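For reference, chains read A, B, C, D and E in written order, and residue numbers begin at 1 within each chain.
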């Protein structure tokens, strides 16, 4: 069975089905969405069972699509793709369970969420540049509508900015893809597996550099790397809860995934030339993101900026892996760490945005100054968000610690100074989260918050699986690392 | 030339007739339409439309039959080219023309010259096909004349509408002046070659003074560029689209424009082989200017028809990229042809929605689209799909078109043009979203009650939408077609 | 016609042609403008004759006389002040258009004079009119037929636009929108 | 004596005069006259080329025929339009046609 | 043995979970759990004394070799484990009583037990990776426990400060780990320091981490803030165990730190010992006095580790753990009596609560190094070890004098004739029992010196007459100064009350710049970067709107120039009126009249202008093609 194809197509079919449903079936969209997402996750779990961590790119499914361009429906997995797919599928399941817009989940919302899921999985699994790009852009469209339909007050501005800005990112990627495909030996091809093996644009000349930069700018905007990040806070603040969860949890990973898959694997020489500048940009993201986050008073904006910080670590790791002076072990460490950080950040930040959404629906504010003493009326909520906070600041035993540690270990091998300075970021994030915790959750409880209800069942069902995974990955990171095993696919 | 020569020529020309069957079908369509319009009673005038639509489809079918059965040929002593480019244009004209008949029918039903309108439309299509097939200066001039004159007539169809009058008159004067300029240029080509045969011009160009070639080429380009509404020959476009009946605007935005572009793609390489006098660069710059100004101008529009007019100008810029690349890359013509197909169906879909909205609300500014999503989800879906396709969002047809023209540009060494096109694509997203956003996000307000679009319009809506998606998702057949739609060599 | 004969006809002819053409746009009378245009294009026919294209010259004279008469009629019908009695100005943007037109004309003329044109090997006579027939009936037959179709639809279209009432007399003003 | 450049230059001046009419006239029919002159210049060009460069080129003569046809047809359609406009607006002045803008 | 290792780490965790769910009987469950969890540690101690060693490790990060996590049983770890487990047991037992009236008692007790789990992990860790993991967890749990009284502002603030300070110092541990791995390819204990810069990073990093955790100057401020937590927490975390982890780290990393890093640590410790004593003398709150005393004593342990080796430091660690924990627990009892810990409030509390006073006295005598109490012997060992190092010796002696002084000062206040007699609070029995045990231990632990040194395999410097004499003289001087009512100069007193300005310094050097940078960055981000993006968008729109102007003015200007050349003489005057000024006025009128729809002026609607522009466009195309041809 083509399980990968099934995993991609099930959500898309579900989207089509829900979109076509008559409006009077009120409960159906939620049921269809949940089952489509669940079955898709199941297909991925089956793939895990069939997966051989040591074999690199594998389980390739290929079907003719546009032979004259050598475009095909090519799906395949390696450790990174599979791990990210699993994480995305879980987040999507949680997002669908929580829902967006009016309750119960409406047709449009279900269709959008499912198509976003399908596109995301297709992106991670794509081994064909055409499909890769199609999926890359489809996520934009779906997210645009999620923000535009159910966002906050300035949703139009935010949605437009998001769409425009990330389209600015995606189009250079398209140019890069074209340049890569044209430079393949013989006929142009969009086959990513072949392009990764042949590496038609070798060396670090002007042409290779331009192609590299085209891809880099695109992925940098998506990631986002400072200074390409300004769309992120606007989009996050205005997006609905689920939109933020998926944006931070899943969509940001598209950028770093692309950096690894394309820039690192297909343009290694050019990347080596730019490795240090890229790493410095990553370092800038780490420090700058943390500093800006520290000054935020809106909890959601704060978390949005910490995403810049956390993704900065990933960028440093990828750049380190691309540098020439790095040992193979450190390279594997860096990329393992980068992928694990993507997973961990997805789960942790997803959980955090859910938490922010919970409080926003209750208190209708996210201002740290207005909140306070929430631990008392909402002890469960408080403990869980504290756990998520600690996870996000990289506390050992929680998922981001092994990721960041591996990143530091890998990057230290390439540039000790960069890694050492990057470590300072963990202090800054600690400051950010502890102060947020102190201001919003501890201290005296104002009268108006004394009666806030604690989490209900639906919210717990949404949140707990994510946090359980965060703990599990933190205690036993090999849960993911054995799957990722970047050493086997990273030449 | 002797009588015996004449005899032989007559034999040859009679033998050539089967290749002319698609053109013949359109001639019959037009001529019989006049007769039908005269004999049929008023309430049966719709039959003329059915006949013309059918004949259009028949022309497309015959084009396919010629392609499969007979292959390509230079017929009628080299004045007419029946090659992939011409046959594909015939196909586009046939299908798009039939769709436009469907668009026009609701507007025309019951008016006093309905039958004649269809006849003129058929004649216009005939002119478009011949313009794209002509390899002779005189034929080119007269074909442009037919195409232009019939366009003026259709634009001025609503004789009581002052706006229609104005549009028609402006179009008329602009068109005749441009035509005169082109004819003046063609006389110089005759002066170079001593014959109106463009292939002979191509042979003579190498020995001709550069100044003559440059000046005459520029003058010839004027006539075709005005048809394709390239900047700076675009000034008529928004006013005419705005003033003309909307179905006519839809027709004008597709058929004459594509005919003009395909004529450019045939005439330039034929008369100026091997990129003589560097015309590809000039065309590339023209493309850049066209798309940039078109997009910038569209940004400022609040009338959706004018917006689409500027959008069509910008799209002509993208199409022109294929022409600019055709001497440097084998992908140039296929890119142009594919983009033309995609553009045709997409633009017709977009106009279909605008027509439907205009019929319901009697206005086409942005507010007229407010709340469309609630009242007419399918129209809105068409609107979104078609506009996003015009942006070039995958997997819609416009995306594959953009992919093709970008590839062609990069392959032809015009990467800078691709970069400009990318920037333009981002700009274009902005104004397309300006239409989509109120349709999806706003509430209808105090609009008149929802109506249905009527059967022909609905049919066109759904067909064009389906094509917009299908041409992109199942691009292979059309890419196959496009790859073979190159002009015959005329050494 | 000999070179001298040609010159004798050409120079005055060209001068008259250009002068009348220019005066078309300098007069304030519509009717006069039409007649001047007729004169200009008629003289052009004479130039054709002088340049050894007898067939075309005659044809030009015939066509233009017919066409320009019609045009004059139209002018009288639709122009304000056809006789130019009020001396109204029918121009706009005079300086810019004049300077632009002068620039274009001068540029084209200079270009015409300075370019090294291909010259005929023999300074022969004009093409046999029969050759034109062969051309029309042979290589350019399609173009010729196509011109016919164009004429047909120009007529149909011109009538459609010009005749306001419909064929269906009862609802003569039947434009729905 | 007369030579090809002379004919072409005369044609160029004629073209320029036509262009002047097109650009400078406010009345539709006057503009049409300008177009006629531009086309006339084209014909003169063709005839000049045939006389001095390509005496055997019958296709040039045919092209002249086509240009003449175009002149006539454009005039025909133009008149139809002018009538239509005049009926609605009682004017054929182009400067009055500025409703469509922006 | 492996099983016991894991048991001693995991049992407290299980106990914590059970306690959390136990409800009203949480105290019993917690006590049982803590007792159960102490058993493996004691068994291991016995086994270790018999020469037993064990390591249980597993690969944690498979990407590269050498990144294992695991636990180890060796002399050092087992001594620490026993100390932690025993003090922990006593404190948990005590806390059962201390929190008797607290509705969130299960959470508090579970927190203590969870901390025990992490602390055992820390001391039993095998390799720096595992150490780092538990090191950080301990810090986080500490913050959580400090913030237990979350409604009071001091608790959360102190927790934040504690966590941030220690985490900042932990950067050192991270960097040391990275440098060690890069240099030696392993993160196991016992490897040699790499050469060059990597070695320097290892040394600095480890010392920095130890300083942070052990609240050494200038990072000592957080410990005072941590006193906002409940007293059992202060007793367990902030005196006996967690803060001692820094000393443990130094001892554990002895091989890595030989040479200048230990020298640095020694100086830091010596200075802190004096500074802590000075600060302790100036505090007006019992717990803060004890906190400052803790930093001082930890400083002595640093000196011990640097000068005398593992046995000296660990000996003092163990002795201090018992004594200081007893002091804190007594303080907690006073706190219950008088509902506060400020010295003013506690004046005479010892007379009301004799049991607490007795415990306090035992602990104080030990910490003040009065023979034969435990800390006398251990501190004497430090003095003896420092004999070879005049600077350290002097500072140690000053610190010893200070120790005697501040404890005596507090004792005198506690024993002062009370203005009001308040009875001891009931329910003291469990608390007194637990605290008393520790007090008793602080008496007896002086005997463990020799066995400890045997177990650790490290020399304990022989106690010399000189060292004993010096110690005693120092203590005597300190006590005498208090008894004679000697007052410090005002400046010193003020400085001491302000924690010797270390906090202020940190605030100005670190906190304020970071906060400023953060605000600056946020503003930059919001106004400049994002503003630039938005401005670009607006600019594009404006360009679109201005396009008509370009057409109107740019192209017109070109035409005008041509026209001027042709017709200047004839109609200069008229042209000016009709052309330029009219155009200008028209343009102005249009721009005012349609300011609302400014963007829609692309097309004038005037055909002749279109045509004119088209002709110009044609010219442009000619030029374009000509240029292309030339190029």
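Quick note on the criterion: a residue touches a chain if its C-beta (ideal position, glycine included) is under 8 Å from a C-beta of that chain, and two chains touch if they have at least 3 such contacts.
Everything numeric here is computed off the predicted structure, so don't read it as measured data.
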item: Chains contacting each of chain B and chain D, listed by label; value: C, E
item: Chain pair, most C-beta pairs within the contact cut-off; value: C-D
item: Remotest chain, chain E as reference, centres from CA atoms; value: C
item: Mean-CA-position distance for chain D and chain C (Å); value: 6
item: Distance between chain centroids, defined by C-alpha means - chain A, chain D (Å); value: 65
item: Centroid spacing, where centroids are CA-atom means, of chain A and chain C in whole angstrom; value: 70
item: Multi-chain contact sites of chain D, meaning residues that touch two or more partners; value: 15, 18-19, 22-24, 26, 32, 34, 53-54, 56-57, 59, 62, 66, 69, 73-74, 77, 80-82, 84, 87, 94-95, 97, 99-102
item: Contacts with two or more other chains, residues of chain C listed in rising order; value: 92-93, 96-98, 100, 102, 104, 108, 111, 114-115, 117-118, 131, 134, 139-140, 143, 147, 150, 154, 157-158, 160-161, 164
item: In chain A, residues with contacts to at least two other chains; value: 164
item: Pairwise chain contacts under the document criterion; value: A-B, A-E, B-C, B-D, B-E, C-D, C-E, D-E
item: Sites on chain D touched by chain C in the complex; value: 1-2, 4-27, 29-30, 32-34, 36-37, 40, 43-44, 47-48, 50-59, 61-62, 64-66, 68-69, 71-77, 79-84, 86-87, 91-93, 95
item: List of chain E residues in touch with chain C within their complex; value: 556, 559-560, 562-563, 565-567, 571, 575, 579, 608-609, 612, 615-616, 619
item: Chain D to chain E touching residues, read off their complex; value: 19, 22-24, 26, 94-95, 97-102
item: Complex contacts: residues of chain C adjacent to chain B; value: 108, 111, 114-118, 131, 134, 137-143, 146-147, 149-150, 152-154, 156-158, 160-161, 164-168, 171-177
item: List of chain C residues in touch with chain D within their complex; value: 3-4, 6-7, 10-11, 14, 17-18, 21-22, 24-25, 30, 33-34, 37, 40-41, 44, 47-48, 51-53, 55-56, 59-60, 63, 67, 70-71, 74-75, 78-80, 89-94, 96-98, 100-102, 104-106, 108-109, 111-115, 117-120, 122-127, 131-132, 134-136, 139-140, 143-144, 147, 150-151, 154-155, 157-162, 164
